[in-house]
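Each of the next two complexes has chain A plus one other chain: chain B in the first, chain C in the second.
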Partner chain A sequence: MNKIAEVVVIGGGVIGCSIAYYLAKKGVKVIVVEKREGLCLGASGANQGACPVQLFESPVLELVKESVKLYKGLSEAIEYDIEYQNTGSLLCSVDEEQYPDMEKHVQRICRSGVNARLIEGNELRELEPTLGKDVIVGVEEQDSGMVNPFKVNYGLAHAAGKLGAEFLLSAEVSKIEINKDKVTSVVTDRGEIKTNFVVNAAGAWSPAIGAMLGLTIPIRPRRGQIIVTEPVPLNKRWRYIIDADYLTIAFDVEAAEKSQDARMKLGVAGSYVQENTGNWTIGSSRDFVGYNNQVTMPTVKYLAKRVIEFMPRFKDVNCIRTYAGLRPFCYVDGLPILSKVDNAAGFVIATGHAGEGVALAPITGKLISELITENRTSLPIDAFAFSRFKSAKTKSS
Partner chain B sequence: MEKKKDIIVCRCEELTEQEVRDTIRRFNLRTANEVKRLTRAGMGLCQGRTCEPLIKRIMAEETNRKVSEMLPLTKRPPTRPINIKFLAEEGEGEVE
Partner chain C sequence: MAKNNQMLLWTSKGATTEGIPTLDELGKSPGCPSLQELQKGPLAVIECIEEIPCDPCEAACPFGALQIGSPITNLPVLDVEKCNGCGICLSSCPGLAIFVINLNYSDESALVSFPFEYLPLPKVGEEVSATDREGKKVCQGKVIGILDKPKQDHTPVISISIPQEYALIVRGISVKEANSLKQSDSRKDSDNGSKRRVLTHPILGRQQPGKSVTITVDNKKIKAREGEMIIAALLNAGTRINRFTAKYGQPRGLFCGIGQCTDCVMIVDGIPNVRTCVTPVKEGMVIETQHGRGKWG
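Then we have the complex of A and B:
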């Protein structure tokens, strides 16, 4: 069965569905193609739903800030509660050697306009009795938030559907047709769709879509493992607590790989989020094992060890579930790719969000919809251009 | 049908049959996994042991298919709740 669309979005995760929603809002006829039987089945459904503001520097910080703003109004806009909450966050350390880094960190983020302050260990424990005696210092920040990623994904898709977007599930893309350097159609095992625009929002699977046009998209699947606990009483002050090691491990792949420490090697840095239900998700980890999304015992062990260092109460809490997701990580510079492509007019890339896909979904949808309909964006996206990879070449057809 | 509204199908997450049906209809869901993700059915302490057959039956009714055609919920380790301390000491001999 053949169809016609103005834009075909490949990928039914938070990024693809957000793009579909923002395009549909502008009256654009969109078809979302998803190879799996439902939405939100990749990294979008295997994360902690956190939108951290204090972890990023420019140029990603500007996107995160704007995205959090969009999240604030999203439930109302799509008439569905995505469970957005402004929780703030606490980044803290159990390592005395990190104290000077924490001072630098708070100065840096304050300079970039984030409302943050440094708090000493004893005051931290007064404010949040669940924190252990090893926590020496923390940086509190008030802009971060959390959402329910499944509800974001399905809520955006549903809202897009009401505005005319179509969803083609269990449909795998086999080919993208090009004529005179312009995209003309997308071929799937459920039929062909004639279109002038194709958005590659396939996350960790985006390189395979790029390869159909001879493009090398420098993305590798990065596995992240997470433990879920039984519900426990809500924390008094902070329900989003981050290990200061996150600043190094998450953003410096080489440092983690070269480390002699077993935990560092597995890319384990604490990221703890307590949901409204009282359940905690305990992350985070990062390793590169192809498309294997299994949970592994060594990583779970170090996630468990680490959380007990920060909050000893976890010794007596049960793990009820574990899961892992494959995040699209740009191995050149770790930044997202939000870009058109030379020599393939109509092909747009929106991937490389690594662990920040949920946090960046609204702003990505908004910017990509602007890029397609107006050929300009309300925030600068030059830093995310595909042309930054000099070695990447298009196969002329 | 009115009576069904308050029947709890997932005891762990205190979810009613009506909430499950409403979610399936609102989003045109086709799989039990989607119900789990959107309603938390099967995400509690028992990890779907009680509610999975019920969710599948409701899904089959709502989509005019057979229960045998329903895909199972994704199974996530551990099979039973396990203490975080025990995980942290895995492979380290004596547990304190």
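Then we have the complex of A and C:
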């Protein structure tokens, strides 16, 4: 059975469905191809649904800020409650040596236009009795939000479907046909689709799609493990609490890998999110173990130990399940890749969002749809160009 | 030789409404042999009609007479050529839905074997009241054999002989009134003037009551026994509601009693979500009924 589409999106995760929605909104005929039997089965369904504004630096910061703005109006736009909430976030530390870093951090993010302030330990505990006595200082910021990642994924797919997008599930792409340096069709095990545009939104699996065109996409799957607890009373002020170690572990891969500390080596730096129901998700870890998304006991233990340092009450809270997701991590610079490709016209890459796929989904969808239909974008995306890897190579060689 | 028109049948509104399958429902099950097939010799009768993910019977049969295959929700298929009615599969079925029928045990009687998970067990040779699928006594029977080896894994198989015409009806025996249980109920328990504590357990035997302690439940002091679970003290004191649900404010109390369902959680010493069925009492414990997610103390 052969089909025709203006754009084929490979990947039914939150990025793929967002791109499909924004394209369909512009009247483009889209087919989303997903190799697994359903949507939201990769990293999109194995995260914490948080959109942390204070963790990023330019150029990603601009994208996150815009993404949060889009999230605010998304439920209404797609007529599907994605459970968006403006919760703000608290980055805090239990290590006195980190105090100067925290001061620097708050100055830096304030300079980049984030509404943040430094709060001393005692005041923190007064505002939020859940925090333990070891927490010495925190940085509060009010722009961050959280969403239900499953509802975002399905809501966007639902809205895209209503606008005419098609979803081809259990369809693995085996080949991308090219004629005179232009994409002409996508071959899947459920038939061939004639198209002029292919978007590679396959997340951690995007290098395999790139390889079909002889491209080396510098993405490695980075495993992130998460614990879910039973529902407990809601925190008074902050329901999104981040370990200050997150700033180093999540973004400086080398420092984490070379560290002598076992917890640092497993990449365990807390990000604690309490859902409306009262359940906490305790994340996350970061390690490179190929396409293995198993949960491991040492990591879960470090995650649990670490959260108790911040919130001692967790020693009486039960874990009800655990899961892990594979984040597409760009091993060259850790930045996303949102780009066309020079010698394969019609091939667009939208991957490398690492742990921020959900946070960046709306803006990624919007920018990629603009890139395809208008060939220009409302925010600059030069920093995310695929060509940056070639230039890096020529510089070093 | 039993003839078709001699067999007694039963009435039911069906498995979904009454929990008792109709003859029609059983007829559609690939694990139930036909009357003609039963005439030829003893066979397993698998009264499994719901497509649930379950397959221990498949591995249990040493003759490969039971097949489920994939998907695991398939109903078991009985190969009547391979089945010799040995009864090994009976104890493997968590739903206790497998029986062995030997229609021609003698000229007049049939032998029905069924799993039996009650105490006390009957004795071989004993006269018993045979019951139907509903548990109603339908005729008298005689215990011919009891299989209770490690292989049965605490699900003994009882075989009884009954008049032939009842072979399609009889699926168990009347459970004897356990004398030991009656005794424990009538034994005097001085705490709170109640008699709800089980002091002589049918399996664990006689329990030594622990030291008397006092705990506070919703600002009321009650007596409890050291070592018993919080829920035991609460039940003894007549408290049946442990919490109210978050969404609809509905009452919840003891349900599973083994720490799995979390229906009995309460706020204990300022910690919400404590499963009272698996938490032992301690002198001076403060326990509160939990509303929704509760609150930290």
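Just a few scattered comments:
Here, the second predicted complex is superposed on the first by the 390 of 397 C-alpha atoms of A that agree within 3 Å, B and C clash if a C-alpha of one lies under 4 Å from a C-alpha of the other, contacts with A are read in each partner's own complex, and residues count from 1 in each chain.
Assume a contact is a pair of C-beta atoms (placed from the backbone, for glycine too) under 8 Å apart; a residue touches a chain by one contact, two chains touch by 3 or more.
The structure presented is a predicted model; accordingly, all values stated were derived computationally and were not measured.
Once the two complexes are overlaid on the shared chain, A:184 sits clear of chain B and of chain C alike. Contacts of A:300 after superposition: chain B is touched, whereas chain C is not reached. Looking at the shared chain after the overlay, A:158 reaches chain B, while chain C stays out of its contact range.
Considering which of chain B and chain C touches more of chain A, the answer is B. Legend: residue contacts after superposition of the two complexes on their common chain; A:230 is shown touching both chain B and chain C. Of the two partner chains placed by the overlay, chain B and chain C both lie in contact with A:318.
When the two structures are aligned on the shared chain, A:38 is found in touch with chain B, with no touch to chain C. Once the two complexes are overlaid on the shared chain, A:129 sits against chain C while remaining clear of chain B. Shared-chain residue A:248: touches no atom of chain B or chain C. Residues 230, 277, 316-318 of chain A contact both chain B in one complex and chain C in the other.
Chain B meets chain A in the complex at residues 13, 26-27, 29-31, 33-34, 37-38, 40, 43-45, 47, 71, 76-78, 81-85, 87-88, 90-91. Contact residues of chain C toward chain A in the complex are 246, 262, 271-274, 293-296.
Taken in their complex, chain A has these residues touching chain B: 37-40, 45, 150-151, 154, 157-158, 169, 227-230, 277, 279, 282, 295, 297, 300-301, 303-305, 307-308, 314-323.
Contact residues on chain A toward chain C in their complex (touch as defined above): 129-130, 230-234, 277-278, 313, 316-318.
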